Every structure is written in C-alpha cells, then in structure tokens.
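Two complexes follow with chain A in common, the first pairing it with chain B and the second with chain C.
And then the complex of A and B:
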C-alpha cells in the first residue's frame, strides 16, 4: 500500500517572537503531516504553542512573530516562502481558519448575510446577487433556522453558537481543503459546543475537508479527531490515535494531562499531579447525622431585575455543615445571580436565606459587610486574573479580610496568620511580595482561595473556581479545595458548568435552567440516571471516553 | 514604582527620546517656577525708563519693555504665577473630578444620570467664555482664575474617572473587597481610585498645558492678574501694542515661553501614557 501524498506537511517548524526581554521561542521544531480529509487534534495547555502553530500554518502570525526555521508545505508549495499575493489566494481557496471568539471575529455593523457574501466576492468574480444566493445556501448548510430572515441579522442579535456557525459558513464558502479551528467552542455552553462540533464534523466529512482542531480539551479532541498530537512548551511530545492516547498515554506529560482531565468516573484523589502530597492523610469528615440543622437554608428565593426580567425564580435549597453542593447550568441559567445573593453581594427580590439558623436575607447587601456572618460566608471568584487588586501584592490580598473582618492590625500576628494561610494553599512564602501580574494563573487562584479561607469561614461559595485554569492547574486547585473542606469541615456551594468537576467535588447537585431548578439529587444518581430531558442532554454533551469508543466503533463498523 | 515599571520606562524612553526631553523641560520649568525670583539678573518690576524698548542684547537677553524692565527676568518670574495657577486649578479639578466621577461610575443610577447631564450642560458652553464670565462675576482676582479654570476642567475629569471606574466595577477584585468587609464607599476610595490614578495622572499632565494657556488667555484679555505683576499673558497683551513698530521681542519671548511650557506638558503626558498604559506592555 502506498501512502498518499500528504495535504500538509510540516517539517521542523520553529516560530520565534521578539519581545523586549529578547526572543521567545514559541514553537521549537515540530513536524507533522496531514492527509486529505483527515482530522487532526492539536492539544496542549496555555503557552504550549498550539495556537501559534495554527497561525503559522496560515501565515497569520502577529507582527512580532516570525517563522524562524523549518518548512510548511501545503500541496507541495512551501507556505513559508509564499508571496503575500499567493497567500491571499490560498486563504481564499485552500485554507480557512475559525477562531475562539466568533462574535469578535464578525463585523458588528454589517449583516451576516452580507459578510458571508463579502468573503465570497473577495475571492471570486461573481455578481453580488449570486454571492447573496450562495451565502443563503451556506447559512442553510450550517443549519441556521430561518436563513432568509437571519441573512439580515447583525452579530449582536445572534447567540454565540449561531455566530460560530456563521464563521463556519464563511470559512467553507470557498470550499477549502483544510480548515483550522482554533478553540472553536471554548466559551460556549456544553450543549451548544456539541451542536457546533457535530456540525463542523459533518460538514468536513461531507466536503472531504481536512480539519485541524486546536483545543485544550482532551475529551473534545478525542471525540472529533482521528489522530491527536500533544504539545508542551513548543514541542510535540506525543502523537497517537485518539483512543490510544486516552487509554495508554506514553509520554509523562500526556499521562499527567490525561490523569488531570476529570472524567465521569474520576475521583479528586486520582487527579495525579505534581503536588500529590496535597490531599493525602485527611479523611473525609463523617456524614452529618440525619436531623442536623442545615448550615444554609434558602427558601423561595426570587430575583427580578429592574427591567422586569426574572433572573431566579423560587429557588430553595439547603446545605448541611461540611456538605458540598453543586450548582450547574448553562450561561444565563441564573447560577451566578443565585450565588451572589447567597453571598449577600446582591439583594434578592423575595425569599429568605437562613444561615446557621439566623436570617441573613433581611440585611441588605450594602450593609452586609458589617454583619457578623460576613466572615462566615466567603467566595472564590472565577477568573484569577481579575479577582486580585492589581495594586495589592499577595500579602495585602490575603491580609485584607483579616484586617477588615477580624480587626487585626499590622504586626507580627498578622504576618504569621497570612503566612499560615499561604502555607495552607501551598503558596511559597517568597511569592507573598509579588504583585498579581508577576504571578501565574495557578498562583493567583491559590491567593484567591487563601483570601477566602483566611477568616475561617463556614461556607465557601465557589463561582467557577477553575474555569479559567489549565487542566493540570485545575487538578491541583480542586485537590486543594477538597483538602481544605475536609480539614475545616467547610461547606461548599460549587457553581460550575463543568459536570465532571461537579460530579467529583459535590455530594449533591442542583441543575438550574432559566433561573429555575430543573432537577436535584445525589450527584452520582443524578448524573448516572438523569430524570429530566434537560439534564440528560447536559450529561450527553460532555465527551467521555466510553461513549467516544462506542461511537468510533459504530462509525468504523 | 517597581523595577519592572522602571525597566518599562527605560524601554519606552529608548524608543521615544522626546518624552525624556519633555521630562527634562518640565523639570526645568518647575525649577524656574520655584526658584525664579532668586535667580533672575534684574528686578522684574523696577522700571528704568532710560533703558526702555531695547532690543535683545548681552545684558538683556530678551530686550527690555516700554518701562525699561528686563523681559527675560519677567518671563522667568512669571513662570511661578502661571504654573501656580495651572497646578492648583488642575489639582482642584482632579481631586473633585476623580471622586465625583468614581462615585458616579460605581453607583450608576440616579446620581450618575444627574451628574452626567450637569456635565453635558457645562460642556455645551464655550469653555473659555464660561471662564471669562465666571471671573467677571466672582471678581477680578487670581484665586478666581484658579476657580474658573478648575470648573471648566472638571467635566473632563468626571467623565474620565467615571468611564475608568465603570469598566472595573464588576471585576472580581471589587466584589472580593465587598466580601472582605469593605463598604461601597471604601471600595471606591481605597480600591477603585488608586487603580485609575495612573491613567488620570496622564490626563493631568495633558491638562496642565491647557490650563496654562487658559490662565494666560484670561490675563491677556485683562481678567485676573493685573499689571505690573509679570505674567506671560499680560506680557503678550502689553507687547502686542508695540508689535507694529517692530518691537517683536516683547511678544515673541513670552509667547515662546508659553508655547514651550505647553508643549513640554503635552509631550510629557503622551509619554506617560505610553509608559503607564498596560496595553503597551508586552
């Protein structure tokens, strides 16, 4: 059997960025090839060089980035040596790219039908009405409902998933042989992600397009790609068939990555990481006896916004001391609003919240900073990058609640307490002097947690605490949170869109949709045997390995 | 200032030496403003009619005026008054504007709308005419020039602080400060304001040049500072009477001083923006 000539062949590619601290090698000699119609996943964490590789293939690198070595041949032509005229021609006809933030990639003041027509007209000499007819066809192809009406819609009138479909329509408008998708569904809800990815896969298969999927999500790559390569620090560390990679990773980095990616069956203890010692000796606290009064009790909570829309409707729940409850839902489901009301950062419209047997909902949010319960209910925020004051160093951040809520004054007692908090979250003491911009995402996340536990709260609200983190960092942070919970018998309200994380971290889970509870129950029961269609849809949208194997077997048969 | 900031400043200065020159010019100006009266060669007020209207020479670098006073000495001494007016006016509008703007940007709602409309009304007037009217109404005194200049600058600071605070008010660290026991007012004053200060300092530097022009302009039309006090605006106004007879130095040198002062602060402001703007930090 002769191997067909590859569509794309990359040989020892190197990309260097010039910065004021000198040259930075983002891609350090990677080689890979792709056959016509093949699907390839490039997986890696932030800073691994996966996106840069994608941009290098299309020669759309930033001005400061340069291909400093190697060769990229596409249909036997070396892309690295192409003139800008032939590059333009190639972008129009042979290669297309779609990006992470579809709304940002679309022109906000031009109707989407026109934008697709513009893309067609840029590369082909046909009349405007023909281009318009063709863009309507394309909208149909990407399964946008009511395409005639949507032709005249503007990007802000469409959801994120719809915008990404428009981007796909634009990308396939010239029938490219290769489609590069850079994190095409990051930032979309799981169910939308599934719909968009299924669409992308079926279009690629129909038209015989080769696809490169660049993603941080191993599960996603495994589900939609035949072959997956793993990148770490600009190097290609492993290349394998998707299932093989998942089941028997060879390279230590891949092993770590696979272990750190939570699946439906993983336990937080199993997310093997560098900081294995983090979790060990603490046993889970005994289950609270039946009849123990709940720590938090929420009754008929309602939030109506000023414009009359209902954010949260009749939300009731309770959390026992030491219990961890998950709150899952897609964007707009009201989970953040609910968590803010429980934290008393936002006023409810109706309903009562009792904490430790006392009502806290009668204290308006603006005065709650003086309430005695303030120190008992703390919150960890989603994005570690914007949850720390840029003008505070790590020490100030952790000391802040101690000064304000416990009335500690500057001195050795405060220093000791901050050092202790830093130690508990595994933050090296010499980093306490640093400012947020001098710290990594994981370090910032630790500081955010240290700040929240500094006053020894009883209830910790976690608002997507790991959504902005790489999987390996997420694994460490989740272990850390679980250990802290066991040590202090903390209660968690764990808000997340990631079902696998919630299943692992929470004993009970509440599913929220459009501000109302759809389903609730013991996490394992709820996920293994969902009672409502919506929960089932959510669970099915998460790629996991058994399902992928079954799907692939079915497709192969 | 951390070492990273200094390193970044050095990086900017290498690529943009004009900022460095502007910084030197501005420091020189401030030095002259403080020590001017002690370093001038002649008394700026003592007249010497025999020596009137002499063109620039070695003894009188910028010539003498109609009363025989040394123009160079007068320009140097005038720097103090002009800078004092500009700095105090900008200082007042900065302090008031930052606090009002930050409160509006954080709270939104009725207060924000009310202040916003007031600012709109203020900006609908031709600002220089407004300043003239205020000085005329309040009385022809230096402190009233300061007040008028401060008031016409206020809208810029309010809007600026409002916009800067508004984009930050929903960030995690603002909510975190609330969860750590700070009241709304304390969040604005102790968290948000310090974060918008660097950007506002840039605005101040740009505004300083404008305030100098404004003060000189008011004096030029006879409001505020009165002769024989040396002040750049008055000097230009008085010298203008002699320009038709070819006595150019009476207008040219104070005008040049005015122009250089404004230019220095504007260039410095641009440079500071480059240094402090996080988007420039790659």
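And then the complex of A and C:
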C-alpha cells in the first residue's frame, strides 16, 4: 500500500498584516499536512495565529492580511496562487468553514432556509424548489427540530447552538472535502457545546470529511481530534497525537498550557508551573466553625420581569465568612440575575437578603451606593475591557471606589492605598499611568480585581471573572483571587459556566436551571457524584482526559 | 402575518405618540406669528395712506382686536373643524390653496428623492467596494460639490446650460407650459395624471419641466445619502455574515447585493425619510428659481406679507408630513428588518 497523497499540505506559510504601525507577522512559517478524512486540532491562545492560519487556508483573510510566503497545496493545487474565480468555485464545494459567533455569521435579515439554499445554488444548477427541498434535508441532518417551521426562521429567532447547526448545514451543503471549524463552540453552553461538537464529528465521519478544529480549549481538541498541533506567536511549537500531547507535553509552552487548563482533578496551586507561584506563603483559612453566623443569607429570592417571565424563583442560600460558593448554570439559568440582585445592582421582586446580620434587600438598587454595605460587597465583572472606563487610567480606576465610597481625597494617602492595591494584584506600579487600551487582557483583569478589593470588602461577587481570558492568564488570575481570599478571609460568590474552575475555586456549589436551584452541596461531592440528571449532564459535557482516553480506546477497538 | 400585525401596532402607537407634538407645533406657530413684527391689517389695507379707521375695520374683520388667548381658542376650534382660515393674499381658503399646491411640491420632492437614491446608492456602494481608491475620492468630491453649491446657484447653472446654451429644456417656469392642456386631475401628480389620460406628449412636456428642478434638489441631498450608504456598506462588507457568504462560494453579485447591500440599506431608509421631509419644506429656493407653484414658495410669500393663516397652515402641514414620513419609514423598516417586529 502506498501512502496516500495528503489532502492539504502547507509549507512554510507566512501571513503578514499591514497595520498603522507597520507590518505585523501573524503566522511565521508553519508547515503541516492533513490526509483525507483526518481530524486535526490547532490549539493556541489569542494572538497565536491559529485563526489566521485557518483563514489563510481558505483565503478568507481580511483585506489587510496577505500571505507573504509559503505554499498551501490542496489536492495538488496551490491555493495561494488561485484566481478569485477558482477560489469561489472551491469555497463551499472543496473546503468550507464554520465560525465563532454563529449568530453573527448568518445574514440577520434572510431566512435560514434561504441562506442554505443560496449556498447550494452557488455550486449546482438546480431549481429553487429543489434547493429548498435539499436545505430542508440538511436541516434534518443537523438535527434541528421542526425543520419545516425553521426554514423560514431568522437567525435572531434561534439560539446560538441552533445557529451553529445552521452554519454547519451551510458548510456541508456542497460536500466539501475539508471543513475548518474556527472556535465553533466558544460562547456556547457546555451542554450545547458537546451536542454541537458531537454532531460535527459524526457528520464529518459519515461524509468522510477532513476536519481542522481551531480552538483555545485543549480538552476540546483532545476529545475530537486525532492529532493536535500547538501554536505560539505564529509558530508551530509542538505536534503530537492528542492524548500524548495532553499526558506528556514536550515543549515548555505546551507544558504551561496543559498545566494551566483546569481539569477535574487540578488544584489552584498547580495551575502555574512558573516560579511565580502566588499561593505558597498563604495557607487556606481554617474552615468556619459551626454556628458562625453567615456573612450573606438569601431567603426566597424571586425576580419577575415586567413581561411576567420569572427570572429567579425561590432562591435561598448563605455564605459563611471566608467561604467561596460557586453558582453554575447555562445561559438563561438566572445566575447573572441572582448575582446582580445579591450585589444590589438589580431589585428583587420578593425575598430578603441579609448581609452581616442586616437586611440589605429593603434598600432599592439605585440607592444602594449610599448604603454602608456597598463597600463591603464588591463586584468583579466578566469583561475586563468594557467594565473599565476608557478615559480613566489604571490609577483612576482603582482610586474611584476609594474616593466615592470611602470619601478619600486626592493626596498621598490615596496614592499609597492605590499603590498597595496594585501591588497586591501584581500590577507593576509603572502601569498605573496607562489607559485600558494600552493594557493587556490580564492586566485589565487585575485592575478590575484591584478596584474591587480597594475598599477591603467582605464579599466579592465574581461574574465570570475569567471567561474572556486565555487559559494561562486565567490560571494566574485564579491564583491571585485565591490568594486574596486566603489573606483577607474574603467570601466569594463565584458565578461561572466553567465547571472545572468552579470545582477548583469553590467549597460549595449551587446548580441553577431556569431560575431555580437544581442541586447544591460540597463541590467535590456534587461533581463526583451528581444527584440529579441535569447536573450529571453538565458534568459529562466537560471533556476530561480519562474519559477521552476511554472513548478513544473504545472507538479504536 | 404576525410581523405585519406587529408593524401596524407599532405604527399606530408611534402615530398616537406624535399627536401631542403636532398640537405643540400648532400652538407654537400661532404664538410665533403673533410675536413677529408686522401687522397684516396694515399690509392689507387699501393703500399706504389708508386711515386709522380703515385699518381698525380690517382688524375687526380679521378678529385681531380680540385678546390673544381668545384668538388662539377660536383658531384651535377652526382647525378642529378642518378649517385653516382664509388667505388674504389669494382670497381663498388655505386648505384649498394647500391642496392645489401640495401635489406640485410632492411630485418635485419625490422625483428628486428618486433621482438622488438612484444615484447615491450605487455611488455609495462603489465607494465602499474600493475604499481609498480613485472612485472613492471621486464620489467624495462629487458629494462635497453637491453640498457646497447652494441650490439656487446649481439651479441657475443647470438652467444656463440646458436651457440657454443647449436649448434642450423648456423655459423654467412652472410645471407645464401654458399651451399644454392639463389632464383631468386624479392625483394632482402631473406625470401620473398625463399617463392615466394617455397623453404622452403632455407627459413628456411635464417631465421636461420637472427634470431640472428635481436634479437641482437631488444634487443637494445625494451627499448624505451616498455617505450613509458607503458607511453602512463598509460595515456590512466587513461583517461576519459576508465572510460566511464568501466561505460557501456565493457569487460576487449575490454577496454584494443580497447579503451586503440589503443589510446596509436599513440606515439609508432612515436618512431618506429625514431627507424627504427636509426637502419638502426647504426647497423654497428651488421652487422660486423654477417658478414652481409649490407649498414652500406659497408659505414664503405669505410670511413676507404677514398673512397668518397660510403660514400656520403650512407649518401644520409640514409637521403632519413629517409624522407621516416617519410612520412610513417605520413600516418600511419593519418590513426590511425582521428583527424589529419583536421589539
């Protein structure tokens, strides 16, 4: 048997973007090849050039991006030298792409059935009604319920997961030989993520399509790809079989990446392999004794919205001083609504919230900034970009609560306090003069945390604090949060969709669904031995290495 | 069907909420006219030498001797019954005057808007397809010229070229030359009425009269329309769904027109609505230059002679047109963008 020719062969690919500050090399000479029907994962953090590589392969780069060197041959044709007419011919029929942000990737004012039909008609001369019938078949193939009804739906009427299925239907409509999925499930719930990825994998296997999965999530790549390559700063640093890469990474970058990706068994202490271990000097605080009054007590919290829908129903919980409680659930589960009511950014419809033995629920959200408890309950927001005032520099951001809530005035005391906060979150003092747009995501996250701890609060409400960050940055931020908690005996309400992070960071976890508590308990117990089907479904949706190994062994046998 | 229903409900709500504004406009104009200098009684008295008594008599006839609140009350009562008062200039009911003259203005404005859209959208699209290119700069220059040159200058320039130099246009006086017999008035729009009557010579005559003033007005509004088309087209071309369309190999035409342009047209609809309302009231210069018997020149004449009723009637008419145009824009938006109807 001769080795079959590779479907795709990339040699020394280089991509350069022209920016205002001159050319930027996004991809700096990578080579890889892919056989027919193979599955390959490209893993890397933001800025690694993984998506740019994907767009270069399909020649869908932005106008400012140019392939500045190398060769991409697809079935022995050099893609880098193709005319736009033959590229158009090839798009969809030979290689297709699936994008991040599925809702944005679909035309908002065209019915989805029509969009799929457009994709079909681009490559075949059939009548409109035949194309329509075929798009209906495709909607069935991607397992959309009520496909006849959905044909006339617009993207905004569908959930993110549904939109991604439609996108898959469009991509496979002309049976391409290669499917490139660029972060196809980022931003989707874990359970949806699993369903979409399973669907994608089964369709690719059924039709013998080669797949390239571009993702920042090592676990996802390991689960769905046979082979994984790791990219860092535009270069390939390691290429290996998925399981091997996970179990015995060779390159230092891969090692760091694997260590930083939280798994079911990882501890906060182990996330960072660097020397700068943040946790070593601080031991976890002793568990609060029985009978300690809770710091926060929530009783029968209800939120009904104006249109009558119930956002949160009969939610009760308590947090002891120094305790960290996780709140998990999928989008629409009411976890953000709950956390915003607890930190008094949103009025509840019914129920009481007691903080330190005093009721705070009678204070309307709009007046709470004047309540003395405001400085004791602080928030770290999800998006480190949008939660900082773009016209405040780092110093102003951290000083703002000190001025507004503690009444400190500009002076050496304020400067000292801000410098201390910056030091505690590991923000170099010379960065305090910079504005948000001059700082990296991790640095902005640190500012957000410094701002939250500036008034020395007792309770931090963390709303997906690391969702927008790369895993290696996430690792550092999580360690930082954990250290602050131990040092100050802070309590956390940790809102997240990432079960592995919650398991690591929280002693207790509450699972929310449709605004009601499904299950709650000690984190390890809850995750290792879920009592309800829903929690089990959530836990199973998170890829972890033993399960992947078992699955792959089963598939290989 | 629910989409249509929702759009209708939204339009009705929008209309109801604009009624107080209309009422406010009514009172404001009334008061403004009383505050402005000039006494209609003096103006309309038989001559400059007419005695005090004569003026007082006219005053009394016009009801101007009554206190202002009472005048306002009487005026509102009349407007409520559909009576906008009598013009002293023409001696006719203002309602009748406006009804005769509004079609002329509307026909001119519609034609101008149509010409502007037909030119502006392709220009904007072309500019967006190659930003920074020669075409882009050319469009920008053309738009800048259109805005910079006042309408009476460009109007006179067009007359000079097409009427005086080349002689291809008829003399720029009115909607149709005096020798043409007018068609039976169904709509008041001459082009439509001529077409309905089957009189194509008449249609052609009216068209030739219309084209120069319409172009003059169009030149002025091409700029905002082309700029907004370019901007929203750029946004639309850079969007994720256009990239998707490219990734499945749709044809160039389909990507540009069905995917990019149809999304980009939404803000253009809004701007076109605003442009239309503005043109209808503000085209007085064009109407004057081309002796066009429209409502704007009528209102200007009335204002100059302190003739209260026509000015008040005109402002009320403009305010109502603005409301109606906004409603139409709303409905069009609802049809063009399926996302709106849920809100």
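In this section, the second predicted complex is superposed on the first by the 550 of 557 C-alpha atoms of A that agree within 3 Å, B and C clash if a C-alpha of one lies under 4 Å from a C-alpha of the other, contacts with A are read in each partner's own complex, and residues count from 1 in each chain.
Basically, contacts are C-beta pairs under 8 Å (C-beta built on N, C-alpha and C of every residue); 3 or more make two chains touch, one makes a residue touch a chain.
The structure presented is a predicted model; accordingly, all values stated were derived computationally and were not measured.
When the two structures are aligned on the shared chain, A:118 is found in touch with chain C, with no touch to chain B. Of the two partner chains, chain C is the only one that A:110 touches; chain B does not reach it. Within the superposed three-chain model, A:156 lies in touch with chain C and out of touch with chain B [touch as defined at top]. When the two complexes are overlaid on their common chain A, residue A:374 makes contact with chain B while staying clear of chain C. Judged by the touch definition given at the top, the superposed model places A:173 against chain C, while chain B stays out of reach. In the overlay built on the shared chain, the residue A:350 is in contact with neither chain B nor chain C.
In the superposed pair of complexes, A:36 makes contact with neither chain B nor chain C.
Chain B contributes residues 2, 4, 11, 171-173, 175-184, 191, 194-195, 282 to its touches with chain A in the complex.
By the touch criterion stated above, chain C contacts chain A in their complex at residues 238-241, 243-252, 254, 258-259, 262-263, 336-339, 342. Partner chain B is touched in their complex by these residues of chain A: 19-20, 64, 340, 343, 345, 366, 369-370, 374-375, 378-379, 381-383, 386-391, 400-401, 404-405, 435, 438, 448, 451-452. Residue ranges on chain A touching chain C, taken from their complex, read 58, 60, 62, 88-93, 96-97, 99, 101, 104-110, 118-119, 122-123, 154, 156, 167, 170-171, 173-174.
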